[in-house]
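Two complexes come next, and they have one chain in common, chain A, joined by chain B in the first and chain C in the second.
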Partner chain A sequence: MRRPFALLLTAFIALGTAALASFQPTAEPTSSDVTDILVSRQLLESQDLAVGDLIDLAADPTGARARAFRIVGSYEPLPDPARFTQQRLEVRLHLQDMVDMLADPADPQSGESVSAINVALHDPEREREFRRSVFGQVPGLSVWSTQRGDSANPFVVLEQFHLAIAIVTILASTAFLLALMVMRSEERRETAGILRLIGLGKRRVLTQVLIEGVIIATVGAAFGIALALVAQSGFNQFFQWRYDTALVFVRVSPKVAAQCVALAVPLGVIASVVASWTLLRREVLALLRR
Partner chain B sequence: MSATVIETTGLTKTFPMPAGPVTALRDVSFSVAPDEYVAVTGPSGCGKSTLLHLLGSVDTATSGTLLFDGRDISALPDAERSRIRLTQIGFVFQRFYLLPMLTAWENVELPQGEAGASKAERRARTAELLDYVGLSQRARHRPSQLSGGEMQRVAIARAIANRPRLLLADEPTGELDRSTGEQIAELLDRVHADGNAIVVVTHDPAIAARAKRRLEMRDGEIVAEASA
Partner chain C sequence: MNSFYFAWRSLFRQPVRAALAIAGVAAIGALLFDMLLLSQGMLISFRDLLDDVGFDIRIMATASTPISGPRMADAAATAAAVEALPEIDAVVPMRIGQARIVGPDSVNLTLIGSVTSSRDAWTVVEGVDLDAIVGSDHPPLVINRNVAEELALVPGATVTVRSECSERYSVLPTVDFVVSGIAEFPFDPVDQMTAAVAMPDFDRACGSVMDEADVFLVASRAGEYPEMAVKAITRLRPDLHAYSNAQLVDRFQQVGFSYFRQISTVLATITLFFAFLLISALLTVSVNQRFAEIAALRALGFSRRRIATDLLWESILMVGTGGLLALPLGLALATWLDRILKAMPGLPGDLHFFVLHPAAVATYVALLSTAGVLAAAYPVFLASRLPMASTLRNEVVG
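== the complex of A and B ==
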C-alpha cells in the first residue's frame, strides 16, 4: 500500500499517557511476564517508588484485572501550559500492554481495536492531504489536527492580552519618565544657568544632556534586564515548585531583551532631551533666578 | 582693535509685567575704554544690574545699540553671544555661581576647555590663576568646602581664565564681611592693574571709591558721572 506519509506511531514507548485508574506497589511478581514501564517523576515521588520496583496497574478503578509492571525508569512529563495545575501522575507503557489493559474482556474484538491514535507527521504542512487520504481509505474515521488556528488558540489570545498590558505599561512609564526627567532638569536649573552664563551655548549644554541621557538610559535598561532576569528566576522557581512542573513560566529571551533596550534607550534619551530643552529655552537670567 | 571695549547708545530695557510694562533702563549711553575701571552705583532697583546684564549679553535690550569692541552685539544670535561671553567677557556675581560638583581647579579649567585650550595650556593657566588668587592649596576643594571669600576668589579666577577684555562684577562683596570684601576689592584692583577693563556694580562706597570712574544711576538713567 502506498503510504505517502510516514506515520510515527510511538509503538515502543506508549504514545498516550494513560490515566490509569489505579496502581499499587507489589512486593513480588504476580506473573512471569512482567513488562517494563516508565513512571513520571511526580508519580515516583508522590508514591515513594523507586526504579526496579514492581507495581500493579489496573484500568479499572476497583483494581480488577491488575497487571504487574517493573519500573525501569522515570521521566519528566513534557510541560504543558494548558495543564500545569494538574498533578502529572502518569506512566508510559508499551502500546500493546496498554491495549491489553484497556480491552473489554466481554468483547473479544476490543483487544484488536483502539478508539484513537496520535500520528506525528514528518511534514505538518501536509496535514490536510493526510486527512483526505485516511478518510478516503477508512470511511467513518474521524481525523483532525491538534494544531488549531490562531483565533482559537488561548495562548495567542493571552499573548495579545499581554501586548495590550505592555503597551499601557510603556505609555504610563514614559509619562512617569518624562515627569522624572523634568524634575531632574529643574533641579539642575542653576547649573544650566551657570554653564550658559560662562558662555556655553544651548547646543553644547544639550549635547552634554544627550550624552548623559544615553548613559543613564543604557545603564537603566541594563539594570532593568538584570532585574527581569532575577525576577524570571524567582518566578520560575516559585511556580515550578508550586505546581511541581518543569514548565518555564517566564523567559527573558535575547529578542525580548533587545526589544526592551530598543524601546527604553530612545525613550530615555528623548525624555531627557525634551525635559532639558524646556529648561534651555529660558533666558540665562531666568535660569539663575531663585 | 576698538578704542572702547564697550559702547552703548540709547540703551533701553522694558520688562513686560502683568500690571503693565516696566522700564528698567532708559536711554543709557556710555562707553568703557580697555584700561578703565568703572563703578556703577545707585539705590536698589535703579537699573544697575539690568545694565550689567545687557553689557554682558546675558539679556537683550528693548532698544538702543551695544557695541562690543566696535561690533554691534545686540542683534547677534544666541550662539555668538555665548561665544563672546566665553572668550571676551568675565562675570563675577554676588552669589559666586560656581558649579558645586566641580573642584576649584575644575571650575577654573572649565571655560578654558570650552574655549578650545589644550590640556597643557589649561593646566598651566589654572595653576597660574589659582596661585594668582592665593588658592593653590585649595585647588581640590569643592565650593561647599570653601569660605565665601575663597569662593569669590575662585569665581574671579574663572572669570579671567580666558583673558577677557572686560570683567563685569555685580555686587562682588555683597555676601562677604568687610575684611573679606576688602581682600576681594584688592584682587579686583590687581586684575585691573594687569590690563583688564572692569565694570563693577556696587552699593559699597569703599569699592566704588577704588574705581577711576563712577556712574550714578537713578530710575534707570545715569544721573551723574565722576572721575578720580
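== the complex of A and C ==
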C-alpha cells in the first residue's frame, strides 16, 4: 500500500502567506483579471470581510504592487497543534498567483521559484537514498523529512509530560485510597469479628471484601470516566474559545478509558484487600475488642 | 493537655492511616507546587535569559519574531542613528541565516552575522573572539560546542562554508573561514549548530553587500530606563518596532507557550479541589468513627470550641506535615518534569519551565492552608453540633 511520505525541500510551504502579505478591502476591481481566493474564517471575522468582497493583496508591507482578488469562500484552517497559539490569518490562492505576487522584478528566476516542494515517496524507506540523489543533482537544496524521531516530536514530549502528571496523581490517589480503606476496615472491625464468630472463615470474609472492592472500584472508575467526559467538553470549549481554533485538546478515547479502568479497578481492589487483611489476620476476640 | 498535643495524639493514634494521609497530601502538594512553578517559570526563565545577554532592547522591522519577518534596510546608517541617541549606549546589528559547512562531514547550521563590538551576543569559552584575529588568510568564525564536537574542530581549524542566505534562488560559492573560538550562544537549543561571523564576512558569504539586519541588539545607557530608550527610538524611527526586555516578556506571555500557563492553572485548580475533597473525606470519616469519643469528651467538660480547635489542629498537622514534605518532593518532581519538557525541539538550552521563586512558595502555602482549613470546616461542624446524650446512648450504651 502506498503511504504518503513528504519531504520538505525548504522551510516554508506555499500556503499560509498572510504573515508576508498586507491586504486592504477595495470597492472596485483594480484590474480586469481579478482572481479568486479563499480566506480563513479568522481573517474573515477579524477584518469584517464577506464572501464576494474584493480585496487588494500585496507582499510588500507598504502595499506596493498590490493585486485585486475576489473572496469566493472561507475555510477553517487545518488545526495545527504546533501553531494553536497563533492567530490563523491566512489566505489560499493559486500557486501561480502567489509566485507572480512575490516575484522580484530584478530577478527573473524568482518568477519560476517556489519556497518548498512536498514530495511523497513510493517507498518511504528509501528516504536517505532520495536525499542523496537530490543533493547530488541539485547542490544547495535542503531536504528535510517530515517524519521526526520521537525525541524531537513536541507532541511526544507533551504526552510524556501528561503521563508524568498522571503517575503522580495516581500515587497521591493511591495513598488517599489506602488511608480511606484502612479507616473503612477499622469501622467494620466488629462486623468482621461477628462474621468470624458465627463461623465464616477468613477466606470467606476476604472474598466478600474482594467483591465489595470490585464493585466500588468499578463504580468509581465509571464515575471517573463520566466526569472526564463532562470535563472534556468544558475543557475543549474553553481552549477552543481561548485560542480561536478547532483543535481538540482533550479526547477521552476508548483506549484512554480502558487504561483508566485497567489502573483504577485493580488499585481499588488491592487497596480494599490490603486494608482488610491487616484487620482479618487478628484474632476474633481482638476484633470484638475483648 | 493543650489542643495541639491532643490533635497530635489523635492523628498518630493510627500511624498507618496518618502516614498514608500525609503521603497523599505530600504527593498532591508536590503537584500543586509544581503547577505554581510552571505557571510563571518560563516567563522568569525567559526574562533572565534576555537580561543575561547584556542588551535590554531589541529592534525589528515588524512585530514578528526575527527571521520570520522582513529585514531592516540601511542597517549601518540606522544603527548609527540609534546609537547617537543620548539614551543609548550600544547597538549591535545582527543577521541570521542558514549555512552549511561542506566537506566529508558536513553539517547544517545557523549562521549569525554581527557587527563586532565590545558587547557580543555570545560568550567565548575557548580560543578568541572574532575581532582578535588579525592578518589571517581567511576571515574568522566562532562556533558553538555542538559544531566543534560534531566536526572535531578546535580554534585554528579551517572550514568551508556555503551560505544559504541568498533570496536569488541560486547556489552560492563557498567561503573558507578560520575557527577563532568556541562560544556559548544563550538562545541556542540543546542540539543547535551555530556559528557567528563578522557582518562584512556574512555579506561575503551571502554573495552581496545587503546592508540589512534582522534585529538590532541595543543596550541603553546606564541609569536610563529601557522603556524611555524605546520611546526615543520610536520617535526617531516610527517605522521600526523596538521592545524592551519587559515588553518582549509581555509578548511572550501572550503567545509563546501560553498553553503551559493555562494548563498549569487548570491542573492547579483540579489538584487543589482534589486535595480539599480528600482531606475533607478523611477528616469526616475520622470524625464519624470518633462520635462516641467526642461525645464522651463533651460529657467530661470539653467545650464545642475546644472540640473544633482540636479538629482544626488535626487538619493543620496533616496538611502542614504533608505540605512541608511536598516542597522537596515538588522540587525533585519539577526537575524531572523540566527534563521531559526541555526535550521539545527548538527551545534554548538555558530556558526552564519550572523555576523556584518566592511568590510560588507563598501562593502554595496560602492555597494549601486555605484548602486545609476549608476541608476541616464540615467535620468541625459535625463534631461541634453533636448531641451529647443521644450520641452517648447510641454509640456507647447501644
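By definition in this document, the second predicted complex is superposed on the first by the 259 of 290 C-alpha atoms of A that agree within 3 Å, B and C clash if a C-alpha of one lies under 4 Å from a C-alpha of the other, contacts with A are read in each partner's own complex, and residues count from 1 in each chain.
The criterion applied here is as follows: contacts are C-beta pairs under 8 Å (C-beta built on N, C-alpha and C of every residue); 3 or more make two chains touch, one makes a residue touch a chain.
None of these values were measured; they are calculated from a predicted model.
In the superposed model, A:Ile270 lies in contact with neither chain B nor chain C. In the superposed model, more residues of chain A are touched by C than by the other of chain B and chain C.
Residue contacts after overlaying the shared chain place A:Ala172 against chain C, while chain B stays out of touching range. Within the superposed three-chain model, A:Pro61 lies in touch with chain C and out of touch with chain B [touch as defined at top].
Of the two partner chains placed by the overlay, neither chain B nor chain C lies in contact with A:Ile216. When both complexes are overlaid on chain A, the residue A:Arg203 reaches chain B alone and has no touch with chain C. Contacts of A:Val119 after superposition on the shared chain: neither chain B nor chain C is touched.
According to the touch criterion, chain A has no shared surface contacted by chain B in one complex and chain C in the other.
Chain B meets chain A in the complex at residues 53, 58-59, 78-79, 82-87, 89, 91, 97-101, 110-111, 114-115, 158.
Put simply, chain C touches chain A in their complex at residues 14, 16-17, 20-21, 23-24, 27-28, 30-31, 62, 64, 68-70, 98, 108, 162, 164, 167-172, 255-259, 262, 266-267, 274, 278, 281-282, 285-286, 288-289, 333, 336-337, 340-341, 343-345. Residues of chain A touching chain C in their complex: 19, 61, 84-86, 104, 107, 109-110, 113, 139-140, 142, 148, 151-154, 157, 160-161, 164-165, 168-169, 171-173, 175-176, 178-180, 182-184, 186-187, 235, 239, 242, 278. Remark: chain A residues 190-191, 193-204, 283-285, 288 touch chain B in the complex.
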